[in-house]
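Both complexes below contain chain A, partnered by chain B and then by chain C.
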Partner chain A sequence: MSLCKTRLQEERKLWRKDHPFGFFAKPIKAEDGSLDLTTWTAGIPGKQNTLWEGATYPITITFPEEYPSKPPKVKFPAEFYHPNVYPSGTICLSILNEEQDWRPAITLKQIVLGIQELLTSPNPDSPAQEPAWRAFLKEKDVYEKKIKEQAKRYISTT
Partner chain B sequence: MSSSRRSGDFQLPSYLPLHSSLLRKFEKIHSNRPPEYDIISQSINDLVRSTRDYIEYILKKESGQDAAIYVDDTLLTNNLQALESLIRSKYDLDVLMDSTKESRSRIRQDTKEVQPLTIESLQESTNELDVGQNFDEVIISNYNSNLELHSSQSSFRSYLSGAPSYQYVKNVSFILTHPEDPLPDDNSALQTSDDLEVAGGKISLKDPISLQYFKDPVRSKKCLHVFESSTINSMFPDHRSGALIECPTDGCKAQISRQDLEPDELMQLRVRVYLAAK
Partner chain C sequence: MSSWDIEAVVQSIETLYSTNDPEKVKSIQHSLQDLQKSSDGLKLAEILINTESSSNCQFFGALTYTVVLNSSDQLTNEDVDQFVEVQGDHILRLAHNLSPNLFIIRKLLSNVSLAFIKYSNHFDSPMKWLLRIITGAVDEVAGDSAEQVELLNTLSREYLSILIYFSSIIVEDICKLECPNRIHELVVSGQTFGITESIFRLLGGNIPNGLEVIGLDCINSWVTYTSLAEDTSIVRYPNFEVEGTNTTHSVILSFLFKHFNVNLDSDIINKAILVATEIIEINPRLLNHESRDYLKLRMFGQDEFGSMYIRNLIDEGFQEELLTLVSLFIAILRNDILHLAKTVDTDETRHILSMLVELTNVPGIPVEDEQISDLTLEFWEELANVFIDDEETFDVLFSNRSKEEKQSFISTRNSIFEEICYIYWNKIHIPSDPGIFNSIRSEFLHYRSNVSDFFIVIYSLLKEPFYEKLTDNICTEIANRNLIDLESSLFLLYKVTDDISYLESQSSVLLKYIQRIFNSGLLSLISNSSYNNYHLYSTAINFLSSVQFFFKHETGTGSLSEVFDLLFRVLLHDSKGSLSLHCSKTILKICQECREKLVDFLPNLEQLLVEMLRNKDLDNMIRQRMVNSYTSIGRCVRYEKQFGEIVKNELVEINDRVKYTLPISLSSVEDDMFDYLLSLLSCIVEMGKASQIPNEVDEFFTPEQQQFTTSYWREDPLQVQSLIFSIIKQFSFSSEKFDSLVTEKCCLILKSGLGESIPGPFVFPLPTILEYVVMKVENCIEPNSPSSPSSIPFLYSLIESIVLTSSSSQELSSELMTSLLLSIFDSHFQFLQSDPDLIQCCISLFATILEKKPSLIVHNPNFSNSIIPFALDGLLAKELFVLKVTSKFWLTLLTLKKGNMQDQTTVKNLMVESPVGQVFVYSLIKSFINSTRSNLDCYYQVFRNLISKYPTQFKTWTTTSFEKLQLEKEGRTIEKATSDKFISKLVVSRGMRSANDVLKSFWLESNGLIEFNSRSY
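Now for the complex of A and B:
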C-alpha cells in the first residue's frame, strides 16, 4: 500500500478515536459507495466570543498522491469572506504551503486547528482577496458586518 | 624505620631513593595491574553481554509476532545492581592505581635528583631529604586523599552515568517496565529534552510520517527525531546520495541527509515491549 493511503487510514483512525470539540472530518463517499480517502469534507467551528462563533465553516481537503511529502489542498466554498482566502476558496496558510512551513509530520488535527485560528487571526501580510483584506485593514465595521452575515449562513446545526 | 631517627647524630633517612640501576625493575613490579582489575572488567563485560543477549532475544522473538515475549525485568534490575557495585570497585581500584602511579613518578623524580647512594651522599641526603615516609605510606596517603576527593563529591555518580555500559543496562531495564516514558533525567545530556517526540508526557511509538508503530526506527543524529526507516528514506530524492531534506517534524529547522540517520534500538525495544504487553 502506498504511503499516502497508509497515512490517511491512520489519520482516519486517529480522528475517530479523538478529535477537537465541535469539529468534524470525514472522507467523501465515491459513487459506488466506497470511501475516497483522498478527499475529505470537514467543518471548522468559529471560536466562541468572536465574530465567527455559532457557525461551522465547511472545508474540503484534497490529498495529493505525494502526501505526506506534499501538503493537502484545503478550500472553503468559493467567495468565502476572509482576508487570507482566495476567491476560489483556497486557503493561504503557511503550514499548508510546501515552500513554507508544511512538514510531513503535521496531522489533520493540527491543520483544522490552524485554520480555526486563522479565521479569527487573519494575516494582513498575505492578502488573498481584495474585499475582505481591504475591509479588515480600513473598514472594521464593514468587515464585522460581513463576517456576521457569513456566520448566519453557516449556523451550527447542533 | 622511625626508630632510626632516634639513633643520635647520624640519621638514616626514613625514605631511600632507589639507585637508578634498580629503577627499571622497580617500575616493572609496580606497573602491573592487580589481577582483580581484569576480573572486574571481565565481569562487567559479561553482565553487559548477558543484558544485550536478552534484549536481542526480545527484539528477535517478537518480530515473528507469534510468541508472546516473557519480559523479566527482575533479571535486568539485578544486573543493574551488580553492575553498579562492580563499577564502584573498578573505580576504587582506578583511584588506587592512579595513586601508585603518582607515587612511582615521585620516586623516579627523587632518584633522578639525588646521587647514587654512597657513604658520602648518604650524609647529604640525610640533610636534604625530608620525605619522612615509606613508599607504602606515600601510596596510602595519596590514595586516601584521592579517595576523599573523589567520593566526597558526586564524582562517582557522574563517572557512573558516563559509563556507557551502565547507561545501556539502565536504559533498557527502564524501558522494559516503562516503554512509553522518557528516560529518567540523569542522561539529559543525550536529549534535547522538550524537543523529543512527546505526546502528553509519553514518547510517541509511531512514525510521524506514516503514523504507524515503528518497526525499524532510525534517528537523526542532528535533531534526534525518530522515523521509520522506509518512510524517511522515501522522502529523499533518489538521484543524489548526499541530498539534504528538511526534518519532517513540524517546527524543526534541521536539514538532514541519509548519512545522519542511525538505527534507534531503544525505540525498537520500546515498541516491542509495548506491543507485547498489549
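Now for the complex of A and C:
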C-alpha cells in the first residue's frame, strides 16, 4: 500500500477515534460502494457566539498521491463567501500551503479546526476573493449581513 | 537581597501559602525567589527544612534545594555527594512521621532524582543509594534480586512506601525533563529498575496494607516511562522485564494481575484496571503473549474476574467503574481485532462479544444515564470495518472452508451486527422528557450522528438486506402509528440513503423500498401528527430531501403532490423557525431535481408564491428559495408565451411590493424592511438563475421551440426586460445604505443571462447593460450621490463577465468598448487611481480584455494614453492583490495569446517604437527590487516573457533602467557590475525557468539578504 493510502487509513482511524464535536468527515464512496480514501467530504460547524454559528459548512478534501509530503486541497462550494476562499471555493490557509506552513505531521483534525478558526478570523493579508475581502475590511455591516445569509444556507440539520 | 531576617522569611512563606491576594503572592514569590537564587540559598534551605514548627517552611526549604541545584552551573562530585547526603538525612529524619511529612519527603526525593538526571556520570544509582541509607547498609547493595528482597523484607511499610515513591519520581522526572538517551541505560544498569522489581517481588508475596495503590501508581509511572525509553534508546522491557528474563508473567505484572479480585476494595480494583488499560494503550509490548492471554482470560473467561465484576458493578450501579472496565475490555479486544473478526463463529469469541453486547445494551439514556454505549460504538464500527477493509484476509480464510461454513460464518457475523444495530436504534430514541433532552441536546444529537455513521458502515457490510430490514421496520411502525420508533428508524434510513443516493447505481436498487414506505402511508401519518413532534418533522423533511432520486423516477412521481402538501404546510406553519429553512431547502432540491415532473403544480405553487412575496415576516432565504423553485419548474414548460407570463407575473408582484414598500430612498427604511426589500431584489437574482437553460439548448428545445423562443424574447411582448430594468433602477439609485450590496444584486441579475446561447427573459441586450453600468459608475463617483464608490468593483466585474462570455460576439466591438471606457475609466482616471480596490478592478478588467479579445482595446488611442500609464502605476502598488492583477496585465500584454497579427503589430510597435517598453522595464525593475519576498512570484513570469518576446531590446531597456535608477539613487544603490552581471545572466537564461533563480538571487543581493531554507522540517 502506498504511503498516501497508509496515512489516510491512519487518519480515518484517528478521526473515528477522536474528532472534534460537531464536525464530520468521511471518504466518499466509489460506484461499487468501496471507499475512495483520496476524496473526503466534511462539515465544519461555525463557532458558537459568532456570525457563523448554527450552520455546518461543507468542504471537500482531496489528497494528492504525494500526501503527506504535499498537503490536501480543501474546497468549500464555489462562490463561498469568505475573504480567504477563492471564487472556486479553494481555501487559502497557510497550513494547507506546501510553500508555507504545511507539515506532513498535520492531521485531519488540525486541518478542520484550522478551517473553523479561519471562518471567524479571516486573514486580511491573504485575500482570495474580492467581494468578501473588501467588505471585511471596508464595509463590516455588509460583510456581516452576507455571512448571516450564508449561515442560513448551510443551517445545521439534526 | 543582601541581608535577610529568617523570621521575616518564615512570615512571608506563611503568607504565601495562606493569602488569596494574587498581587501579594506575586510580590512575595519575587522576593523569595531572589533569596533562593542568592549565594545564601543553601543556607536558607537548611534553616527552613529544619523549621519543624512549620510544614510550609520545611516544604519551602526542600523547594529551595531544588532552586539551588537548578541554579548551580556545574557541581563537583563532592558537592553532588554532599547534596545527596543532606537530602538523605532530611528524608530519614522526616520519615519517622511519614504521613504529614510526605509532601516534603517527595520534594526531597525529587531533588535526589534531579541530581541523578543532572549528574548521572557520577551519581548513577539513586535507588541503590536510597536503599542503602534506609537500611543503613554499610556495604554496597547487592545486584542480586533475592538478596535485595531479603534486605527489603527488613524494612517497615513506611520505608517501603518511600522507596516506591522514589521509583515513580525518578521515571516521572525523566519523562518530564529533557534527558540524554544514556540515562535509560543507567536506569537498568544502576539497578533503578532492578530494585523496583525486587520491591514488587516482595509485595507479590504479601502486600502490606496501604501499599497497593502506591504500587499501582508506580507501575503506571513506569508504563509511560518504558514507552519513552524504548522509543529513544536501545533498552527494552518485554513483558515488563529487562530483556532476556523471559518468565511467564513478570513480578510487576503478577502484582498487577493480583488485583483483579472481586473481594478487594473497588477503588483498588479500579486503579488496577486503569493501569492495565494504560499498558495496552501506551505500551502493549510490556505484555508478552502469555500475559495477554492470561489477561484476556481473567477479563472474558466464564466465571472469571471480568464477568463477576461486571455483575457487581451493574448491581451496585457504579457507572464510572463500569466505564473503566469497558475501556479495558475494548483496549484488549482492539489489540487483537483481526483475530476477533476471523473467529466470530467460535464459541470463545461469541462469548466475548456477547459480554460486550450486553454492556452496550446497558439500560438508560445515552449521555444522560450511561456513556458505555458511546464507548462501545467506536469498537463495533472498528470491528465492522475490519470485515470491509480486510476483504482479502477473509477470502483467504474462506478459501479453506466449505460453502456452508462460509455461509454460517457470515450469518453469525450478520446476526451479531443486527443485534447491535437494534440496541443502538433503541438508544437513539429522542428522550420523552423535554427537560432531559434539552439539557443534553447537542451531546445527544452528536451521539445520534455517530450511531448513524455506524449504520452507514453496516450498510456497506450487509448491503441491501439491511436496508430492507430498516424499511420493514418503518412500514410496521407506520402501521402501528408508533411515532417515536418511526422517528428513530427514519433518521437512520435518511442518513444511510443520503450517504449513497448520489450514486445512481446504488440508489436505483433502493427505489422499491422507498416506494413501500410511501405506500405505507408515511406522509399522511406525519401530516396528521402534531407540530410538537419537532424531531419527527425534521427527520421526515431530511428523509424527503434524501430520496429526490425516487421522486425523479416514475415510481415516485405520484407521491410528489402529497410531499408538497406536507412541506408547504410545515413551511407556512413555522415561517421563521429552522424547520421551515430545512423545508425550503428540501423543496428547492426537489424542484430543481424533478422540475420536469412538477409543471402541473405551477398554478398551486403560484398562489403560494404570491403569499410568500407579500409576507414580510417570512424568512428572506425561504422567499428566495421558493422563487427559484417556482421559476425552475416554470422554465420547463418549454412554451415561451407561458414562461414569459410566469416570469412577468412574478416580476409584477415583486414590483408591486417594491412600489408599495419602498419610500423615496432606501436609506430611510428600517433594517428589517430593508432586508425584505433586498430580498425582493434577491428574488429576481434567483429568477435569473432559474431561467437559465438547464442543459444544452438542443437537448432542451426542439428546433421549432428554439425558433419560437428566439423570436419571442427578441420581441418581448410582455416587456419583461424593461420591467426588470425598472426595478433595478428603483433600487440602484436610491440607496446610500448598503449600496454595494444592492449593486451586487443588480449586477448578478444582469449577469444571469450572460453566456446563454438563446434569448431569454434575462438575456439583456449589451447596450442596455452597459448603459446601466455607465449611469451607475457616474453616480458612484458623483459627490453627494446616493451611490458609493464601493459599488464600482461590482460594475467592473460585470463588464469582465461580459468580456468572458461574449468575446466572440460581434456585438462586443472595439468602438463599443472605447466609448464605454471613455465614460467609466478615462473620465475618472484620477478618482480610480485613488483607491487600491478601484485600481485592482480596473486593471483586472483590462487584463481580462487582453486575455480574451485584445483588439477591443489595443488599437484605442487611449490604450497608450491612459490604460498603459494606469497599469504602470499598478506596478508601484504595495498590495499583493494589485500586484497580482498588474502582473497578469503585463504578462497577457506580452504574450497576447488571443491577439491577431494586427494586434501583435500594434503592441510590438507600442513597446519598441514608443517609450512604453523602456518605461515599463524601468518600472518593473524598480518595483521588483522594492518588492517584499512574498510578492516575488508575481514578477518571474513577466520577466521571463519579456526576455523571450523582446530579446533584442531587453538588454538595452534593462541597462538604461539601471542607469536611471543609479542616477535617482533611491533606496539601495546597485553597483554597475552587479546589474551588468544580472542582465547577462537573465539574457543567457532566454526566459527559461532558470531565470527565476537569477531573479531571486539578484533580489536577495540587492536587498542585502541571504536565502534561508524554509522547508526545514
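In this text, the second predicted complex is superposed on the first by the 158 of 158 C-alpha atoms of A that agree within 3 Å, B and C clash if a C-alpha of one lies under 4 Å from a C-alpha of the other, contacts with A are read in each partner's own complex, and residues count from 1 in each chain.
One rule holds in what follows: a contact is a pair of C-beta atoms (placed from the backbone, for glycine too) under 8 Å apart; a residue touches a chain by one contact, two chains touch by 3 or more.
It should be emphasised that the depicted structure is a prediction, and the values quoted were computed from it without experimental measurement.
Superimposing the complexes on chain A yields a three-chain arrangement in which chain B and chain C clash.
Within the superposed three-chain model, A:Ser69 lies in touch with chain B and out of touch with chain C [touch as defined at top].
In the superposed pair of complexes, A:Lys140 makes contact with neither chain B nor chain C.
Applying the stated contact rule after C-alpha superposition, one finds that A:Arg103 touches each of chain B and chain C. In the superposed model, A:Leu3 makes contact with chain B only, not with chain C.
Number of chain A residues touched is higher for C, counting chain B against chain C. In the superposition on chain A, the residues of chain A touched by chain B in one structure and by chain C in the other are 103-104.
Looking at the complex, you find that chain B touches chain A at residues 206, 208-212, 231, 234-235, 246-252. Those residues of chain C that touch chain A in the shared complex are 378, 381-382, 389, 442, 445-446, 449, 453, 456, 460, 463, 499-500, 503, 505-506, 535, 538-539, 542, 578, 581-582, 585, 619-621, 675, 738, 740-741, 744, 790, 793-794, 797, 837, 840-841, 880-881, 1014, 1017.
Listed in rising order, the residues of chain A touching chain C in the complex are 9, 13, 16-17, 21-22, 24, 26, 29, 31, 33, 54, 99, 103-104, 125, 127, 130-131, 133-135, 138-139, 141-142, 145-146, 149, 152-153, 155, 157-158. For chain A in complex with chain B, the residues that touch the partner chain are 3, 6-7, 10-11, 14, 68-69, 95, 101, 103-107, 110.
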